[in-house]
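Okay, got some structures for you below.
In the two complexes that follow, chain A is the common piece, with chain B as its partner first and chain C second.
And then the complex of A and B:
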């Protein structure tokens, strides 16, 4: 049903089974990556003869993203095309190895530190993995408390991206430097959203996007703090909360906490409206200047979304029931292929995932497919087939080597769903919800199949209808626009959950308890936490045995998107999006080129690299000796 | 990669562009900030190079949350007499690529023309132990450090760190990874990660003679970092005495106390009552809190803008500011061994104290009028309850002690006549039987009570 490339069939009841009669069904033949331009004499000669405007432009580091990202391009500044791209994650810390052999009670607080931008969601996703493995689930109030944590977290996360990271690329100084003719036009263009954001002309809006001195920049910074103030009332601190525990939270919530959170959340009703109006104006203005701006960062509408914000009365932490409780989430799970929703099953989201390391600084672990028949988990706990490249089966060994575009060039693996590169983010969340049939009951959110309506109570600004429409052309401007709408979407969910929390607190009883007691099981168990981060897909796969963690794997949104090329010859999403980006920057000669369109394309994904890079390993002990050995030699070592 | 040659055997290389990533223009002040600042101090201008090693960026996020002072206070020159501060930060700087790296290279080569401070977030991997041709665990920028170099390999962060060290006016380690090693350096460390002090060595002194300044926490309280930076800048401007640092280079005024001493739940410990489950409101020691032996100020200062704080919200302390974090506090969510002794003692002594306090509290919950009327006129029911013999005996001795050598208000109150208009609605015959029952706890008549 939902898989085109994986060897999985569905019977008449819709149960997934492995295709019969295929030996080593997950085996593939590697398609080599194209020879890098600079290593290809024929191509080089052709390019040198073509014009004098071929340039290598490396963005190392890409700033205004979280974490260590470098990006390599070769561009033709005459035809304004990008000829070659390579996305590089330039940091590796080995978190999963550090998690191995530890008490499972350490998992939440150690894995939280995988990312300091979205540590709170790592802690929660880890708690979900623990709960599945331990066989417990939180009382309703514990779930609601987490929903409040992770809605206030995203209310900090989206503004930090829009105001501090992406916004400056549309500010006065950047636009004057890279496209002065657009600035002139902005001075003469009236905005559409002036009733809401108060800017009469586009130029005024752009002036206030300027780093540090712009009012919108400083306002965005303020709103990142306001949401964190709400967060720490339940989480204690941010980015690494110490109140998330298996079975719920260790917070005591009283009415003052809820009141203080509520008074902060409702401020985002107006701020969200204003932000939506601003990013609508930015997109429409640039499209009006040149419709080719729609193609900045464009790529197929392929997205993966595990969903988040559990129904407090449906979530039971079990894998068997996760399709049911997954569909009850405020953000529903799903996979989009070419803009069509092909599944809403959390089990299928999970079963379709594989990770490849042909172009990453790791060694392959299945013996290039020869281990196919004998890998650890041929099926998930519900009986769905799993690939030997699935995170539960992953056993990767770091192998730092010199950087080569043809061979290995990144610490990010190449995750694929049904062997396709996927993007994920605030936009996949709102998009999947918009298309989900039978969306859960909500006072404020109404999916229509082609749009998502958000009905918020009125705050200061007039109560106009908010509707995010699924865009026809997918690119950088639409990513940012959707993220702006997600401020309102998130605020609505925070408010929904606040009202639930007031109700539970008033009623008291077992539903109002914060946590369910647990004991660490001593037998062999597995668990997975599926919970989308602010920037999209996040999973923690855990295996425990004899009371210690045997295997722990984290798959993050930016691993999906910063991914290098896969063994099927497909680029990762950043690479693909930049390849498709027309260079609309205004330069007279190649020496003046700055690369703003490339940077706008990359930043629109909201890259967050800290947790992108890590290693996964099985019970095999990885020591520095093995690393030194593996990287010091070309294969003639003894180990 | 081997160079490609053209038909005449000349090496063919793609040209690069000089301002790649410089979307804000070459004329703009590189970095973020550089507004305002004092022209009169010994320091007119200071650059801050923020480098991320084995980092999660959590310290950056924590610093962005600071409000006392805020990052923009420092960068916009809002604090009188402080120098102009220019920040070069991979997450915040406007420029990217070549344009971003240029000032770092100028600093390494002594060509920056202004003093600079280096801030490290994240621990230091053992990359220098590798031969140079086999990669890295942490890299920033590419192309080597030698202007003649033609390498296209990424530059190791560890190279930046040692090359920037001798010229730095000060070197600040932010967060537990940079200060002590943190999680990348915990058991299972496969990258050889260590702290900045381990890496630079105990003899390191900055150009102004200062050892590495350590602001720990995972992530730290943002204000702890910005306040320390401001304190150092004030000292450098001759406005304030040199800040005090402890023997491990921590700001002494921030990390001198245990986090338990200012914990709002410490009173529960005193009275010997402990949380048994996650979500209980009492002292968290028995569900895994190490607060009594951890140096941190988060319960006093809050996490952001004076709000939150681990135990304030109910989160047990896991020692994240300490050099032994995480292994010396693992497993988390389990009572520390010491708590069985100290907690046991407090249960015995605290239990007695708590009971006596409840008696005094009950007494304090009565007005003099209620004492004289022998009733509490509350419609909420809960506040009722007569004084028993224990209350009376306690009251007698308590008053003796309390008012000895002073005026006895208990006696004075007893002589006070009851106000005649007490219970005025009843005296006026107002009928309240039509009140709507929204509480499920209808206001009861005096007789019913």
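And then the complex of A and C:
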């Protein structure tokens, strides 16, 4: 029984049904959001009477994240607490609207544009949705090729985050500016991983995390390049691949391509070990300085993971069999509640999802907000109950209004699983796999129930075993640490798939074909792509009729995590994590406050607010990003 | 004299897609001396590519950029290689690796990593319409021949 809050029960055969005798089962009563401090003069007076250190601090935009995120806080600089938070996705991603009425194959190319980092995974997720709707699946080599694309995309994503986005928060520059006493200590603290990463003292490591000039920063840039080079050998172009199609991949692969990819992937074995050693040292050093650093960005261990990297001999694209092929993935599907794995069923992962818009700039689509009106899909194709707030039943109806922390304040919806806020990411991937019983056969990955062992082949460094242990505490440092391990996890899976690809090529025959022919069906169908970006959970729910898209819903990792409050009064994961964050920064005057701990908490989630493209229709003004520096635009010729 | 002509921008954004359109159009005129590239990818990738190629003598960038001028305005200028603060450069690198494609990001990032030759020219066109879709606004459509010739003239020694 994986649901505590949804009206779903299971019979003796484990089949999910709606709870009997419950009228209007998905109805809920909205819990009003707390009144913002600024709107509550009595509370303001009370707080100011206690001390004069209450401040509104807004991070707008939050820099060093992908896309447009703003974050509102009210902090008490005296007690070093965060009193109020609100996470705002400040731009509208209108792909759901753009895709209506188009050929379903267009979704692969158009939805890819939703993100400049994860374009390839959007394309693949869209292809998976098409395959389910069309009733086709790729030959094994097509699946393996897709797995390699995914691996190299993650090998691009993780170094970006660790070196270029989160890393600078732990650099000499940042630490000297916000906690000079920690810098002094770093100068006198020997590292634990010096034999692997080569840094004798923490201060040396922090210096090399310095943006633009630090060796680790520049090395991270280099590794983003290597991954892209490997990606384009199959994808043709990055981040928007040309070769992802329903039924596989529209290119050929020969041993020379595989060699080129292999040469690059093996470099991540050494780089990953170094990165793990660095992030182990960072976490342990800060915990040693002050154990309260474990509370930066902490929140319940609630995570949702659709899984990815399909088994080429198990994946058949059908919803009916998705529990079976889902469990055969290298990253297994699952949901963690308070750190316990409550399901590994991909159907239950999907059936538990709802999206709410009480605090988002959208109109509620069920008509009266109660969810009791007729809705299209009361069950999924396997007969499991679905909520009217499920993505297959959702409509995107943008409705911008003035921002109000109590009412509406974000373009992100509030996705919930079993009506709980969930986070997702590289860490949910490795965590779920670590706990999954009967994990697939792999030469390099070994879950133990409490850890995940990665058996690394020899590269420049000798072969070895690296073990990620499920952390007892959960917060910003552990997110970053787990992401570092995921470089190795990803590289090992890529290696597994490369060996499979060589074997398929050697054997030849139908299994070595790259794609399956298909025709776009003209009747009414639905499909879903259940996959993940580097940053976590990604699904595309598609409904087609008469050969065109009738409804399309994209649910991204940052929609889960940047979400505003839900109708049950629960904050989104960023909001919750920052509320729990102690302000450990060293400031004498309120004006000196930089908010480094808040930013470390937010950035640890690897936010990605896919938003580059924009639309504008009738009275719905949709903002967009304008970079207006005119440096050098002094004009020699004007026409 | 080796010249690289680069169209910067996104496809499917009407006037905002001018850069990729120009790359497609001018590819037909490319020669051994004048290369044409679609810069619909991020500036860090471009910088890394430039660092591995033989030096160009001149690079010409073309993009639609909204700077509040009259729509259809064509502005060609020589890039002065000035950089903003290192904090802003750092933010631009972050924007770049997370997928933001813009002329300013491109100039700043590739200049910061010393990938550009001394001789860099920019052709900017003020867009009238950057909403989702294909095709240009009438005002930019009417300027296409002039834009094309402005760019091509800048490839001459």
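We adopt the following convention: the second predicted complex is superposed on the first by the 601 of 639 C-alpha atoms of A that agree within 3 Å, B and C clash if a C-alpha of one lies under 4 Å from a C-alpha of the other, contacts with A are read in each partner's own complex, and residues count from 1 in each chain.
Everything below uses one rule, namely that contacts are C-beta pairs under 8 Å (C-beta built on N, C-alpha and C of every residue); 3 or more make two chains touch, one makes a residue touch a chain.
Predicted model only: the values in this text are computed from it and were never measured.
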By the touch definition at the top of the document, which applies to A:341: first (chain B), second (chain C), both, or neither? neither
Per the contact definition in the header, classify A:56: touching chain B only (first), chain C only (second), both, or neither. first
Which partner does A:403 contact after superposing on A: first (chain B), second (chain C), both, neither? first
Classify the contacts of A:39 with the two partner chains as first (chain B alone), second (chain C alone), both, or neither. first
Chain B versus chain C, judged by how many residues of chain A each one touches: B
First, second, both or neither for A:249, with chain B first and chain C second: first
Residue overlap on chain A between the chain B contact set and the chain C contact set? 63-67, 94, 98, 110, 113, 115-117, 119, 160, 164-165, 168, 211-212, 221, 224-225, 228, 237-240, 615, 624, 627-628, 631-632
Touch list for chain A against partner chain B, complex: 36-41, 44-45, 48, 54-68, 70, 74, 88, 90-95, 97-103, 105-106, 108-110, 113-117, 119, 142, 160, 164-165, 168-169, 173-174, 176-178, 211-213, 218, 221, 224-225, 228-229, 231-243, 245, 247-252, 260, 361, 398, 400-404, 513-515, 517, 590-596, 599, 610-611, 615, 622-624, 627-628, 631-632
Chain C residues within the chain A interface of the complex: 10, 12-13, 40-42, 44-45, 48, 66-67, 73-84, 86, 89-91, 93-95, 97-102, 104-105, 107-108, 112, 122, 124, 130-132, 146, 150
Complex contacts: residues of chain B adjacent to chain A: 1-2, 4-7, 12-25, 28, 32-33, 35, 52, 54-62, 64-65, 67, 72, 75-76, 89-101, 126, 129-131, 133-142, 152-154, 182-184, 186-193, 218-219, 221, 275, 277-281, 284, 287, 298, 302-305, 307-318, 320, 326, 330-334
Residue set of chain A touching chain C in the complex reads 63-67, 94, 98, 110, 113, 115-117, 119, 160, 164-165, 168, 211-212, 221, 224-225, 228, 237-240, 608, 612-616, 624-639
